[in-house]
């Protein structure tokens, strides 16, 4: 009995020892800042003068009197509900295509991955120039043919899809992860299934997809988290406009912190975002036991 | 899992009874079919690939144009008169050579730290069984969910107290404590290495650290390379970190240099703005493009959980 | 007091922490502490020295002043070098960076600010005590008197709060708005360029006559988008010029006065232009050129615009064949004939925590010296605020219309009938709110009446907490 407990404790110590770099970093770079910001979220704080404790005032205002909170959250949910699946499916389809036999595969792989590794500032400039309503490659051609130009980024209706398109274009990280997992599906499984009479469609659903679920979980979760926090792309591309169409939650949060001098309010917004992301991720992670298959276990 | 169990793995008896001639003809037919399929697939992927590559072509094309041609309708793909001078102009207005060196310098330290520390931590969460392990792992995931803006100011104050402002340390040092994204990624890799390997070593009396360094790390080498490459690209692309912590333009990174050119490069001269911006973007993109092209085997294999082939 | 103790604490704990960790972690290169306190170089700055370390022997080594010039361009370096040549006792540590708000704020929060800074959200930092009042120092510099000195009085008030002044206007500080008209385009549209529009209804008529579309409805030539540049809060514009043109200050003595008929009137004017062409087409055209100095106006695609003081010289550099002229902005019909101008721009501000305020003051003074003004004008076409220097401005190298336009900007503050400015302690929120109202109205989601009402309520609610004693 005592022996079991000691071994248990020993194993925990060992596990923690291996995890110690993260544990230390976690305490310094996450726990302390989080606690600090949790405190700030209960204050009026402009970063310059000392914070003033106001209790739950910020939270009350966010939930009862801030139309922009609702608007920016709705915009963000749009990106999560439409953008994340769009990028996910794009990446999955491309990875499956790239996994087939063809000529020049390594060239194509580079081509599809390239957008993901292009510095985001460079991507932004290139896409601004592509979406340009006068001289962009699409609109220039349209105007020359006597057709109306497409206001990609200047129409509140088109701005969101235009940004999502850039995100799909830049989903190369997920392509590589999917491709790697596809290549790792043991050949014998397919051979056996073929012999057994399973057609390509059945093999795809019964072998390919289940075998790739760990990577799918990874991509889904990281994309989701990334999208909830998405900042640089919309900030540099549209600055939240036109008419707030691309004002995402994190942009609004940023504005509160660094433009409005309302760090306390921003901290409250951040904590709410943190909880939303946590809940959604938890739900997905919880469900993953049912659909994710680990071979090592 | 249920799906897999329904597939009998040992079924190969059906095709034994075909005569050699039919077999050869069938093989030829199959080969022809395969070639056709390969051709069609190549065409499809090429078409898609061109679509994905169009932005880069447009970037390259613009980077070689004169202003007069940039603002012309309809747009042209191939510049009528090539203006190479856009490149030296863009690269001298902003000292990209220096920024390239700066980025490499801090990226090297960051990558080394990330790879080792993340592997170590991931090992604990995938290969060791301990109480509350999954709960703590949940915490790691949770830290990925913390919006950057929440922790930014308190973190800044920490680095300020350490006297690290205007140095690369605030960007380098945290990576020595494991990055959640990469811990998660490596955990997924390590999970797929059969447990029997570790168990056998444990029976032989190996310590966990030895198992980690002599068995798991070598098996995971390609995936370490992948993490390293991902991290390198992060450094190459990072915008917010350098923006906040680096005050001095001399210490800027490539990504900041580009934005610097965008914001201020035309304050003194507005001619050739788009071509110069596109030239700088090209220059910033090409090294990373080449790096990936030459390392992609390692890269894809790394993610492909090489340890468990077959 | 509260604030001071907190700062002292931060500083102390910062040093303690750094001392422990520095041994292991290599050199820290944030600020260069000066070895000794040299006597103020130019002599006039006789205000008491408050900097730490004053006990060190004087005059041995040059004092190092940390300066964040705001614009990381070569012309700033040039000015810095000129300053050092003129003041051998002062060495500059120029930190060329972008004055991004997050960086400035993080620096202020951690008390690692420089001695002198420009291009920041001035009012917000002033009301929060980030800058040092300079009235005592200014009292000893006759030409920099805040009343009747060599810099227009109104400019000093832009950087003032509760009777104290916090920055020396410099760089390109002047009358902020100019109404530019492309004469060639106007003539082609059959308009009489000797009778430029002075009211908004006239401007709208001109706009209608100049605007042209192709068969598909694409804009070939846009008459006027009044929101294109300075008047759009989105890109650091001056949205407050609208109330000024309608003859009122939207904030006065700490009270917002926005929900009034005039606001509805100018929002209706703004909407009129947007509805006429289509807001998406206008925005598309504005972003198509997406360069600071190369907007659609400079490219000859727009007939009229409202813009900033450096524009005439900049347009000339981009497109020397362009014929344009700048004058006072249009006013509402019932104010016909009144010349209205808004004062604004940039100032060198000494940080309250500056280690070398005397030397920083010298530098701030230098930024508005004739030498510095000359550099700014020659290299970027920015007109500095020093009146005596403006008299010597050599415009002979420019064609008449450019010279006339530059002169308009330099004289507008002294010759206008009304000069306005605002001291809005929550300028960031206000600018953002103007922007949202403008956008909402232009996109047809807000009526002008709603816009005026919502903004009044929102800003009134935000102001009190920003000003409360902490």
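Details
By letter and in written order, the chains are A, B and C; residue numbering begins at 1 in each of them.
We take it that contacts are C-beta pairs under 8 Å (C-beta built on N, C-alpha and C of every residue); 3 or more make two chains touch, one makes a residue touch a chain.
Just so we're clear, the structure is a prediction, and the values are computed from it rather than from any experiment.
Farthest chain from subunit A (centres taken as the mean of C-alpha atoms): C.
Between B-C and A-B, more C-beta contact pairs join the chains of A-B.
The geometric centre of subunit A is 37 Å away from that of subunit C, both derived from CA atoms. Rounded to whole angstrom units, the spacing between the C-alpha centres of subunit B and subunit C is 41. Centroid to centroid, with C-alpha atoms defining each point, subunit A and subunit B lie 15 Å apart.
Residue positions 102, 106, 109 of subunit C are each in touch with at least two other chains. Residue positions of subunit A touching 2 or more other chains, listed in rising order: 47, 134-135, 143, 254, 257.
Counting partners per residue, subunit B has 71, 152-153, 259, 274 as the residues that reach two or more other chains. Taken in their complex, subunit A has these residues touching subunit C: 44, 46-52, 128, 132-135, 142-143, 146-149, 151, 153-156, 239, 241-244, 254-255, 257-261. Interface of subunit B with subunit A (complex): residues 1, 3-4, 6-12, 14-15, 34, 37-38, 41-42, 44-46, 48-49, 52-56, 58-59, 62, 70-75, 117, 120-121, 123-126, 128-133, 136, 138-155, 158, 174, 176-178, 180-181, 183-185, 188, 190-195, 208, 212, 226, 230, 233, 236-237, 239-240, 254-255, 258-259, 262, 274, 277-278, 280-281, 284-285, 288-289, 292-293, 296-297, 299-305, 308-310. If you check the complex, the residues on subunit B that touch subunit C are 71, 152-153, 156-157, 160-167, 169, 243-244, 246-249, 259-260, 263-264, 266-271, 273-274. Contact residues of subunit A toward subunit B in the complex are 8, 11-12, 14-19, 21-22, 24-26, 28-30, 32-34, 36-37, 40, 47, 94, 97-98, 100-104, 106-123, 125-127, 129-130, 134-137, 140-141, 143-145, 169, 173, 176-177, 179-181, 183-184, 186, 188-189, 192-193, 195-196, 198, 205-207, 210-211, 214-215, 217-218, 221-222, 225, 228-229, 231-232, 236, 250, 253-254, 257, 263, 266-267, 270-271, 273-274, 277-278, 281-282, 285, 293-297.
Those residues of subunit C that touch subunit A in the shared complex are 2-3, 6, 101-102, 105-106, 108-109, 121, 124-125, 128-130, 214-218, 234, 279-281, 283-285, 287-290, 426, 428-429, 432, 436, 439-440, 442-443, 445, 462, 465-466, 468, 470.
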